[in-house]
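These notes open a run of structures that come right after.
Both complexes below contain chain A, partnered by chain B and then by chain C.
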Partner chain A sequence: MIALELTDIEYSYRRNTALRGVSLQVEAGEIVAITGASGCGKSTLLHCAAGILTPDKGSVRLDGQDLAELSADARAALRRTKIGVVLQFGQLVPDLPLIDNVALPLLLAGHQRSEAHEHAREWLTQVGIQDEADAVPSELSGGQTQRAAIARALVSGPSVVLADEPTGSLDSRAGKELLDVLVSTARYRGAALVMVTHDNLVAAAANREIRLRDGVIQHEVAL
Partner chain B sequence: MATAELVLGLLSAGPAHGYDVKRGHDSWFPDGRPLAFGQVYTTLGRLERDGLVEVVEKTSGGGPDRTVYALTDKGRKHLADWLVDPVPPAWGSADEVLRKLVAAVRTGGDAAAFLARQRASHLRRIRELQESPAGQDPTSPLVRDYTVAHLDADLRWLDSAIERLSEQETS
Partner chain C sequence: MTIETLLLLARTRTDADRSRIRLATAALAFSGALLIDAVHIGLLGSRELSYETSSRYVTELGLRPGLIAVLVVLSALAASLAVQALRIGTAARDRRFAALELAGATKGQVRRLSTVDAGLIGLFGGLLSGPLYAILTLLFSWFPPLVRVFPGTSVTDVGVWAAVTVVLTVSGTAIGHFTYRSPATRTSSVRLPRVMGMASGAALLVIGLVSAVAYVLPAMPLTLAGLVLLWMTLAPLRIQALGRRLSASGDPARLLASARLINDTRSVARLGALLLGCAFLVGVVTQMSLEILREANSYDLAFYLTGMVMSALALVLMAAIALAALTVGVADQLVDQRRQLACLTALGVDVTFLRRVVRGQIAMVAAPALMTGTCLGLLAGPSGLATYLVEPLPLLYLAGGLAGLLLLSWGFAVGGASLAGYLLRNQLRDALDPENLRAA
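And now, the complex of A and B:
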């Protein structure tokens, strides 16, 4: 089953064209690495897939649903439940304890606090930081912050997980541990996982590599 | 070492004698070790025995060697097959990757496709190593770290080669 389908995506920042007609399909349970030199368009592609950016042209389909055909509210709701996003530096809410940070997608979706916390606690355990539930982000290490970001991305049971340089700010050992957590939890959930990375050790965890250059797919290989 | 295949690549532009093959090799790899004359003639002899090259002209006399060799159809096919296959990733495999890459570019092969396949081959090997635990003895983890670090270094070089070829194509 195709979890994510991007068709002929084009996107420009003012005068700079970042994506020039990129198409890709990701199956449920598949792990895809998007690679390429800085400025090749890989993060822009991820942000278009996540609905953070709206493409100038082309379509994004999540579980067969075209995002452009939805109202803004319906699109936001779909993003909350179907997509988990992990950004490079975690991007946690600074004043919230970890348990609330991880529960946030469920709270925003209208779940009861106790139920949201129960799920959040399960995911904190899954990523190995259950003892930090009451800590605020400033009390965490970089690795713990990224683990929390992964827990938050997965708490709502998304069918697609999008990760932008998920190990970018970590040393190699911490990065490897985090990658193991991300890959194994995505596999456990049967979610499609798309990782933007310049790290070959991260790309090696994928089933497929898509390499971008100047906003187009330069090559695509099965791994 | 893939000297035999490099000699086939050097002959792909047309018949040549051993001296031309040696000079051609050294110009393909200006920073590398020059190819010894002895190795050129030994390699050509072996390739002739295996039917991959043939002697198309031979002049004898007191002067220098005038035996001219040419690729056979079998030799051309052997070269094409060699240029397609990625190198099994291992210690020091980058040397062989470089030989194939240079030969692919110089003989008009599809260097970009080769690099993409080689990159995939290296990534698969890293995944295999990452997924199988290193031995519990004191040195196995050290060996594993070394191997992964070298494959990662190869991949970074492959990345820069892909970029450089792309830049040359667009310039």
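And now, the complex of A and C:
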């Protein structure tokens, strides 16, 4: 079953064309690494897939639903329920305790706080930072912040997890640990995982590597 | 989103945002206290009060409407300061909203947070306005009767306080709802000056100045409105140009200082316009005082000068709050740029140097607004143009008043900016801490 389908995506910033007709299909439970040099369009592709950016041309389908047909609010709701996003620096809400940060997608969806906290606590345990539930992001290490971001991305049970340089801000040991957590939790959920990375170790953990160059797919390798 | 979640997310815990909230709440409480006073005096109707307990501005029936008008103007000025404080887009707040949107919050949900945040500030401002009114009444009762413009408290004040609280809460909610801009859609660029704004401002200014010859009092609000409108239309361009000039200076600290001027041009320009408005009214009050002093024999000096000094002091307080709002913006910038500032430590930049930069950044915005406002107020006040044309003031007298006001307003801007630099010294020290190089 296809979880995520991008067809002929084009996207331009003011002067630069970032993506030139990229097409990609990701099966449910599959792990895909998108690699390439800086500025080749990797992050733009991920942001289009997440519905954060709207492509100039082409379509993004998530579980068969075309994002272009949805309103901004419906796209946000989709991001809350079917997509989990992990960015390089976690992008947690700076002044909220970790437990609330992880529970955020559930709270925004209207769940009661106690119920949302229960789920959040489970995921904090899953990623190994259950003791830090009451800490705020500034009290955490980079690795712990990223683990919290993974827990937040997975707490609402998404079918697709999109990770942009998830280990980019970490040393190799912490990066390896985080990768293990990300891959194992995505597998545990049965979610498709798409990772944008420069890191060979991250790419090696995927089932498939897609290399971008100047906004087009240069090659695709099954690993 | 449940109400519990709404309140959880609307409540912020960062230092810069707390300062913003404190400032807005204090300004609203002050505005509310003045409004309660105005309503209290209005409700006195034709009731007579003793000269021994209240100021003559309150006891004389004919003077009450004037005092009420002054109180309402001051209340409106304080409220507009609160609106500006609410609209300061702190970097921490922007990051927070961006993170919420990333986690799946809709734009409507984020707007609701901004609305609740502003509504709560309005509510707390309103709740504090009653006790503040009581404190001011008590405070003024220690002064001679001549200055007692807060004529005691009564049971009806409780009802007025409740009504003011409701008005401030509803206004805060409306302002939070209508002024919210998503960080993703906010642009830093300033459009070309809006021709309509410029033309209307210029027209109002000319009409105000010309009609001042014949219709002194009605002309003054027109002059003030024209001036503020013109300033708000043109100041963003000036501030951007100033920011760009600083960014091209080659001095890394000035380069950083230019960022706020370029990125937050509009709120800086609006605060500048408020300073200009306050300064204009100070100029008007000064001119009226000079006129009274010139005709000392035909006036009750103590009575008139007390009123003038009190009005001027209230306006100076407003200007001080506006300067505080500018300082909050600079403090926020320091937190946001701590990583870049920490890099400057390696280049030998120290706290003293950065304090100088902060001082310059605030003074560059405040001094021109204050100096322009006071000068124009002095020249275009109620007995200004009309009197100068018919019966010119001695040049030395006018020049002396003008020079004194210019010096005072420049000193106020520079002194306020120096004080801001001093108050921010710990934030500056923290910002320069090399430990920040590790901060993401």
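Here, the second predicted complex is superposed on the first by the 223 of 223 C-alpha atoms of A that agree within 3 Å, B and C clash if a C-alpha of one lies under 4 Å from a C-alpha of the other, contacts with A are read in each partner's own complex, and residues count from 1 in each chain.
In this section, a residue touches a chain if its C-beta (ideal position, glycine included) is under 8 Å from a C-beta of that chain, and two chains touch if they have at least 3 such contacts.
Bear in mind that the values here come from a model prediction, so they are computed numbers and not experimental data.
Colleague: Which partner does A:Lys176 contact after superposing on A: first (chain B), second (chain C), both, neither?
Modeller: The first partner, chain B, only.
Colleague: Under the stated touch criterion, which partner chain does A:Ala205 make contact with: chain B (first), chain C (second), both, or neither?
Modeller: A:Ala205 contacts chain B only, not chain C.
Colleague: If we overlay the two complexes on their shared chain A, which of chain B and chain C does A:Arg79 touch? Say first, second, both or neither.
Modeller: second
Colleague: On the A-aligned overlay, A:His119 touches which partner chain: chain B = first, chain C = second, or both, or neither?
Modeller: Touch partners of A:His119: none, neither chain B nor chain C.
Colleague: Pick one for A:His47: touches chain B only (first), chain C only (second), both, or neither.
Modeller: Neither partner.
Colleague: Look at the residues of chain A and decide whether chain B or chain C touches more of them.
Modeller: C
Colleague: Tell me which partner A:Arg147 touches in the superposition: chain B (first), chain C (second), both or neither.
Modeller: It touches nothing on chain B or chain C.
Colleague: Taking the superposition as given, does A:His219 touch the first partner, chain B, the second, chain C, both, or neither?
Modeller: first
Colleague: So which bits of chain A does chain B touch that chain C touches too?
Modeller: none
Colleague: Under the stated contact criterion, what part of chain A meets chain C in this complex?
Modeller: Counting only chain A, the residues touching chain C are 52, 72-73, 76-77, 79-81, 85, 87, 89, 91-96, 100, 104-105, 107-113, 142, 145, 152, 156, 169.
Colleague: What residues on chain B touch chain A, complex-wise?
Modeller: 112-113, 116-117, 119-120, 122-124, 126-127, 130, 148, 151-152, 155-156, 159, 162-163, 166
Colleague: For chain C, which residues are in contact with chain A within the complex?
Modeller: Going by the criterion above, the answer is residues 1-2, 4-5, 8-9, 12-14, 92, 95-96, 98-109, 440.
Colleague: In the complex of these two chains, what residues of chain A are touching chain B?
Modeller: Listed in rising order, the residues are 37, 176, 200-201, 203-206, 209, 211, 213, 218-219, 221-223.
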